[in-house]
Structure formats: C-alpha cells, structure tokens
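Both complexes below contain chain A, partnered by chain B and then by chain C.
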Partner chain A sequence: MATPTYDLIDSVTLSATATSVSFTGIGSDHRDLVLVAQHSASSQSYLSIRFNDDSGNNYPIAWMAGVSTLATSNSSDSYDRLLFTQSYTNTQDNQWVMQILDYAQTDKHKGVLIRQNEQASGYEHTSATASRWESTNALTKIQIWPNYTLGSGNFTIGSTFYLYGIAG
Partner chain B sequence: MSLVLLGILNSQAAAAGAAGAYDLLETQVLTSNSASVTFTGLGSYTDYKHLQIRAVAQANTSGTNILNLNVNLNSDTGFNYAVHRIYGGSSTVQSAANTSRDSLIVWRACTRNADGYAPSVTDILDFSNTNKYTTIRGIAGGYASSEKTVALSSGVWMNTSAVTSISFTNNGAVDLTAGSRFSLYGIKGA
Partner chain C sequence: MAMELVETIEVGSGGAASIEFTSIPDTGSHAVIKFAGRYSNLASSQIQITINGDTTTSNYTYQLLRGSSTTVSSQSSSNTTYGATMNENGDTANTYSNVELFFSNYASSQIKNWQMDGVRSQNAAAQTIHLVAYKWNNTDPITSIKFASTSGNLAQYSTASLYTIS
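Let's look at the complex of A and B:
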C-alpha cells in the first residue's frame, strides 16, 4: 500500500534579516527529514547547524567540494556543530538540501547528508557533506546560523528554508 | 549550473504539494542480522517512473574502514554493471570507475558495527523503461576509525529489462545488522 509522503512540516521565508533560523517542536511522525534552503548572508563564513541545542563535540564531518578548477576535501572527528561552506554576499545565493535519516530513532546516532552549491563570484562551488549527530535523542530542533561565530552575521531578507518529513 | 542530485531533490520539494507524487512503497527494518535486503515484485509499481531507496546500514563485522553497499537488479550477478564514484574526506578528492562488475555500488554506504549506521539515498531512474539501460546514483557517507568519507556514486545496469527486484548486500560479505533500515519510494513521472 503506497503512502503519499514528502510532507511539508514547516517553512521560513525571512521578511527581515535574522541571526539564525530555527525549526522547533519537530515531532516524530516521520522517519527522515529533508531541509531545503536557499539563502544569502551578510558576510562570508561557514554555515553552522546544531540539533536540540547540542553544543558538544558531537558532529563528525566529511566533505568534498569543487571550487572552480580545484577539488578539495577534508574531515573532522568532532566539531561542536555541523559546519559547511555557505553564502558569500547578499546577492549570491547558496542552495543546499540536507537529509537527516532516522531522526527520531532513539537507538541510533543520526546520519546527515548534504548537497550544496553556491554562485559566489570567484568562489563558485559545489559540495557534498556527510555528518552524524552523535546522540540517541530524538531530534526535535534544528537551528541554523550563517556564520561560524554564532550571532555575528545575518541571513538576508528573502532567504527561504523548507522542512519536509518523509515516512519510512 | 548542472547539479543533478540537488535538482531532483528540489524538484521533489517543489512537487510536494501534489498528492501522491512521492510515495512510500515498502520499508524493511532488520530485526535480526541478515545477509541481504531484497525488494521484489517491483513490476507492480507501474504508476511510478523512478524509485528511491533511503537507507541506514551497518555490517556485522569490525574493522577500520567503511564498507560499500552492493546492489543487484533482477538477481543478475553477471558482469553486467559499470560503476563510478567520487569521494572525499581526506585531503584529496578521489574518483574511480569499473567498466565491468557483478553489481552496482553505493560507495561507503555501510559502516561496521562499532561505527553507527551509514546513511544513503539512492535513485534508480526510469526503472521500468525497456528501451534503455537502467542507471542509479547515490549519496552516502560514513565514519570509521581510519576513514571519514562522503561519496557520490553512479552506475548502469547494461540490460534493458524492467527492474523487478533490488537486492542489497555489502562488500564485506557479512550480514547487515539488526536495525539497518531500507525504505523504498516511488516517484511519479509525466
């Protein structure tokens, strides 16, 4: 029996600049989450994401990117946030799709996969990132900042964030 | 800019309001270790153009690196597959291809039993079209003591038969552990 899914849970379209965007009260009605974002920011930095306000070193990351003619990659065992490249200026969009699998399962860490691209002049790139939230808590909150130094920059007006749930 | 994976996912997002455009068809969550996970009877899903498998997978073995998921279509274990992948996580991005293999590969999509479960999302395109070979592509990533990797994989089954079954194993030739989950989705086309 087919079950229609890919359900819109919540969305944010900024009508004013914001230092971060949050989705809270995420229920356990689905198996996976997909976050689709298109945004720009007030300065160039790394995008920072935390789940459930967890600021511990619980986010290992592996990433690869193609930047102009250069292909590069790296990894880290333990960041205090999920971190990846992000918008350059307020006229250059950053787009990404983040998959969070088994987000509400309390017997597993949460696998995260991201595809991202950006049209920043002189820094055009595409990237893929894998991460894992090393927690067995059900994920109930996602908070996204446009900068590595939290609160130091803004998402610009018109930035959009859509959160979907997928049954499984 | 041509970003196929991002494109299809954004297309799905844009179409989310159209009821039944993206449907959960089946889920298998292993309650005990198993050598493989197989979806059969896919010929009955004539309403759909593409398939997607969303999985978290773990192999019942120890070790320091990440394993791959092997994918066989219609129980074909002949050397009728070609595969490609690009992956990163160390200081360099690497790529590789095999023009003749006995399975498709979702690269680095199966961690070992001390390393959690590796997530993957794999698309099987035009799975019932008998005028062309069937292609897949996937994204996956995992963590092990000696390896942290994100990978994009693609491949082709050099056969024009409609896909009626999909089977997943791992290249360690060991069981997938209990808790591994494979969900099959159908995506409608015009």
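Let's look at the complex of A and C:
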C-alpha cells in the first residue's frame, strides 16, 4: 500500500501585498514538512523565517551557492532566523523548497534543508542551505518575512506558499 | 491531495532521441520529474529541455552550481541546454544519472521557474553533482516537457517519471 505523501496542509496565494506569511496551528499528523514557495518582494533583501516565534540564536546555517561564475559557501552558528537572499521583481522569480524533518518530535532538534533558486535579472543564483532549529519543541508555526528588517517590506501580489505534510 | 504519478517513460532497445511528456494535466499545483538518464555515446552530450515546444534559447536561462571531484564551479547561461554532464557510454556499466526537477506553479500564469538537482556517479574520479536553477520566461501553463541529447541518443533503460503535487 502506498504511503500518503505531500498532503496539503495549507496554502496561501496573496491577493494583496503582505509584510509576512504565517502557517499556524500546524498539527503533529505527519513526520516531515515541505514548504514550496514562489514569490517576489518590494525590495531586495534577506528572506527571514522563524519557527514558533523563536527569536533566539537558534538557527545555525551552512550554505553553498552559485552566483554567475562565483561558487561560494559559508556557515555560522549564531543566526536568530533562517535567511537567504530574495528578489524584488514582480514576477515571482524566487522559488524555493524547504524540508523540515521530524518537525513534531520532542526528542531532537529539527533538521532543515532548503533549495532556493532566483532568476531575477541581475540577481540569478542557486543555493542549498542546511540548518537546524535548536529546539525540542514540536513545531507549530512558520512565519516568513521578505526582509531582514522584519515588517519593513512586502511580498507582492501573486506570491504563493504551499505547506505539505509527509507521512512517516 | 497528494503526489500522483502521471506517466513513466522508459527508452527501449536501440535508444531514443528524446523523452517527452505531452498533454500534461493542469490538475496539480507543482510537478516533479525523476529522471534516470544515460547517453548512448561518448560525446559528453548535454541534456536539452524544451518546454511546450519552445526552442528559442533566449527564452531560457539557468544558473548552475557544480561539484566535480575537488573542483566547485558556477556558471549561468541563456540556453535550452542543461549545463551538466550525465552518465554516458564508457562509464561504469548500468550507471544512470539521477536527476530531479521540481516545477512550482507549472500550470499557473506565472513565469516558470524550476530547480534541477542531479548526479553523475561511476567507479571513477569523474563524479559530479549539480544544483541548477532554471527559468522559462513564459507565463503559459506547461503542457509538454521534452528531454533530448545534444548529440546522439538516450540509452536504453533511461527512464523519466512525471508526478503532480496537488
């Protein structure tokens, strides 16, 4: 018998600009989560993501990226959010898929894998990011901002966000 | 609401010039292709991906990040050609490159972006992993996706499966 996968939990398609997008009340019905996003924003900045409103330095990040002919990578253990660059065009040129593993388990930190692609002219890049939410709490909320300065920018109309559950 | 198999295509005896999914249903939000491919020649061919029959190279752009042995590199281009190597005739027998393509909002009126992650694995130093961002600068819904080699054929048993995610 096939295992159910990619159960749609919730989706958001913006009909008006928004300073952030949230998924709340996420239940513990699945093993992993997958968030699929395609969007643009009112300004070029870092996309910011937090879980359960946690603003502590609990998001270590390692990433690698290709930007034009530059291949680069870096890591840090002191971020207070997940973050990566995103575009500001009106054509939803920023596309990414985020996996959150064992998101509801209370016996381990949460592994996060992100594949992100941006095709806005002059800002083309592709990246892979690995992170870990340093918490043993079950993840129940995901909030996404289009800017490093939270609340200072907008996601544009037509931006889409889909949250799926993967059975385990 | 789930991930559903639409179609699997396997190359038969003698190879084939291309694999193509046509009449892709618009019932999903996203589309995924899992591709196991190998070239039937030694020409270091590359994969050409054509959406909806559009062969105008300037309508496609890609950004590639590649790790090959101890070298990491990056490149971008405007082309229908996937700038990555795949397993080919002469590589370890029975090895097929594994590639996954993820198309978000493939049936929408947005510009089409997708990611492709792939690997060429064999019993030799020349092993490669690719992460690619691709864009088709068109707002039409995607109804067909074609894989072809820039020279020669895709080898027998090359396989591609198309899934939709609702």
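In the analysis below, the second predicted complex is superposed on the first by the 164 of 168 C-alpha atoms of A that agree within 3 Å, B and C clash if a C-alpha of one lies under 4 Å from a C-alpha of the other, contacts with A are read in each partner's own complex, and residues count from 1 in each chain.
Rule of thumb we're sticking to: a contact is a pair of C-beta atoms (placed from the backbone, for glycine too) under 8 Å apart; a residue touches a chain by one contact, two chains touch by 3 or more.
Being a predicted model, the structure only gives us computed values, none of them experimental.
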| item | value |
| --- | --- |
| Simultaneous placement of chain C and chain B on chain A, clash or fit | clash |
| Partner chain(s) touched by A:Lys108 [first = chain B, second = chain C, both, neither] | first |
| Which partner, chain B or chain C, touches more chain A residues | B |
| Partner chain(s) touched by A:Gly168 [first = chain B, second = chain C, both, neither] | first |
| Contacts of A:Asp93 with chain B and chain C, given as first, second, both or neither | second |
| Partner chain in contact with A:Leu8 - chain B first, chain C second, else both or neither | both |
| Which of chain B and chain C A:Thr69 touches, first, second, both or neither | second |
| Superposition clash, chain B against chain C - the stretch among 37-45, 91-99, 109-117 or 163-171 that is involved | 91-99 |
| Footprint overlap on chain A, where chain B in one structure and chain C in the other make contact | 4-8, 36, 64-66, 71, 73, 95, 97, 115, 117, 119, 124, 126, 128, 162, 164 |
| Residue numbers on chain A that touch chain C, as the complex places them | 4-8, 11, 36-38, 64-71, 73, 91-93, 95, 97, 115, 117-119, 124-128, 158, 160, 162, 164 |
| Complex contact set, residues of chain A against chain B | 2-8, 31-32, 34, 36, 60-66, 71-77, 95-97, 99, 101-102, 107-109, 111-113, 115-117, 119, 124, 126, 128-132, 134, 162, 164, 166-168 |
| Chain A partner contacts - residues on chain B that touch it in the complex | 1, 3, 5-6, 9-10, 12-13, 15-17, 19-25, 27, 47, 54-56, 86-93, 116-121, 139-143, 148-152, 179, 181, 183, 185-186 |
| Of chain C, residues touching chain A in the complex | 1-3, 29-30, 61, 63-66, 72-76, 102, 104-105, 108, 110-111, 113-115, 117, 131-135, 165-166 |
